[in-house]
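We just call them A, B, C, D, E and F in the order they show up, numbering each chain from 1.
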Amino acid sequence: MQNSEIYLESLITATPQEGRELAIKLARKSIAAIQTDAEKRKALRANYAEDTAQLIASAQIIAVEFQTIAMANNYWKS
Amino acid sequence: MQNSEIYLESLITATPQEGRELAIKLARKSIAAIQTDAEKRKALRANYAEDTAQLIASAQIIAVEFQTIAMANNYWKS
Amino acid sequence: MQNSEIYLESLITATPQEGRELAIKLARKSIAAIQTDAEKRKALRANYAEDTAQLIASAQIIAVEFQTIAMANNYWKS
Amino acid sequence: MQNSEIYLESLITATPQEGRELAIKLARKSIAAIQTDAEKRKALRANYAEDTAQLIASAQIIAVEFQTIAMANNYWKS
Amino acid sequence: MQNSEIYLESLITATPQEGRELAIKLARKSIAAIQTDAEKRKALRANYAEDTAQLIASAQIIAVEFQTIAMANNYWKS
Amino acid sequence: MQNSEIYLESLITATPQEGRELAIKLARKSIAAIQTDAEKRKALRANYAEDTAQLIASAQIIAVEFQTIAMANNYWKS
C-alpha cells in the first residue's frame, strides 16, 4: 500500500521556513499513505479543516516532523 | 497550499521568553497552513478558546515546538 | 496576543523538583497565552480538574515540558 | 498551587526497573499537582482505571517521563 | 502475544524515502501486534481510513517512528 | 501500587526486533501498573482491540517506548 512517489529526497533544507514547509508536506503525505484515494481525501479535508480539535491535532504532527527536520539541519545555525 | 509568508527566519532567539513566544507563533502558523481562511480561523477560535480539552491539546503543541527551539538555542545557557 | 509578562527567565533550576514546578508553570502559561481572560480560565478550571481524561492530557504536557527542562539542566547530574 | 512536597530528589536510579517506577510516580504527581484534593483523586481513579482510552493515555505519559529518566541515566549502560 | 515475524532487521535505510516507508510499516506492525487477527484488522481499516481524526492520529505515530529512524540514519547526511 | 515484578532488567536488546518487542511489553506493563487487576485487564482488552482509535493510541505509546530503546542501543549500529 506504499505510494510509489518519492516525496522525500532529503531532510536538508536551505532555510528554516522551508523546513516548516517540508514538515507540513510530510504530515500530508503520511495521511495520503493511509488513505490513498485522492478523491476521498479531498472530500475528507472539509471534515477537519473546520474542526478545531483536528486542526490542533494536525499541528501536533507538524511539530514532531519539524523537530526531526530541525535536528537534521542542526537548527540552521551558521 | 503553502502560505507564501516567511514567518520563521531563524530558530535562534535572544531569550527563553522569546523562545516561548516563537513556539506559540509556530503552533498558530501550523493551524493557519491547514485552514488558510483567516475569517474562518477567527470564527473557529471561539470554539477552542473555551474548550479546556482543546486548550490542553494546544499547550501540547507549544511544548513540542518549544523543545525544538530550546535545543536550537542550547537552552540559552551562557 | 502575546502576554507581556516575562515568566521564563531561564530553563536552569537548582533542583529537579524545581524543574518539575517550572514544567507545570510553563504548561499553565501556554494555556493562558491562548485563553488570555483570567476570569474565563478560572471558570474553566473546574471543567478539567475533575475530568480524568483532561488531567491525563495535562500531565502529558508537563512530561514534555519537563523533558526539555531536564535536558537543559543536564539532568541535574553533579 | 504547587505541592510543597519534594517528590523528585534525583532522576538517577539504580536500575531500569526503578526508572520505570519513577516515571509512573512522576505521572501521578503531575495529576496531583493539578487536582490537589486527594479525596477527589481517589474518587476519580475509578473513572480512568476501567476506561481503556484513558489507561492508554496514561501509559503515554509514562513513556515520555521514562524517556527523560532513561536519558538521565544514560540508559543504565555500564 | 508477540508476532513471531521478524519485520525489523535494521533501522538503517538507503534513503530518506525508505525511512518514511519503514516508519509507516512500523506503525502498522504495532497495530498488528495488539490486534493479531488479520481479518479483523482488514474489517477495521475501513473505520479509520475515512475518519480524519484517526488518520491524523496515525500520522502522529508515523512522525515519531520516523524521528527514531532519522536519528538512526544520522538524517542521511552524506 | 507498584508491581513488585521486575520486568525491565535492561534496555539493551540483541536485535532491533527484540527492541520492538520490549517496547510493546513496556507499554503493556504501564497499563498493568495502573490497572493492577489482571481479570479486569483481560475483560478490558476486548474494548480496545477492536477500537481503531485506541489501537492507534496504543501504537503511539509503542513508538515512544521504542524510541527510548533505540537510543539506548545506539540504533543497533554495528
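Here is the rule we use: contacts are C-beta pairs under 8 Å (C-beta built on N, C-alpha and C of every residue); 3 or more make two chains touch, one makes a residue touch a chain.
The model shown is predicted, which means the values in this text are computed figures rather than measured ones.
Counted as hops between touching chains, the shortest connection from subunit C to subunit D is 1. In the contact between subunit E and subunit F, the residue numbers used by both copies make up under half of all numbers at that interface. Centre-to-centre, using mean CA coordinates, subunit A is 16 Å away from subunit B. For the pair subunit B and subunit D, the distance between mean C-alpha positions equals 27 Å. Of all residues in subunit F, those touching 2 or more other chains are 48, 53, 57-58, 60, 64, 67, 71, listed in ascending order. The touch graph of the protein chains shown is a ring with every node of degree two.
Round the ring, from subunit D by way of subunit F, the chains line up as D, F, E, A, B, C.
The part of subunit B that touches subunit A in the complex is made up of residues 2, 6-12, 26-27, 29-31, 33-35, 40, 44-45, 47-48, 51, 53-54, 57-58, 60-61, 64-65, 67-68, 71-72. Looking at the complex, you find that subunit B touches subunit C at residues 15-17, 19-21, 24, 48-50, 52-53, 55-60, 62-64, 66-67, 70-71, 75-77.
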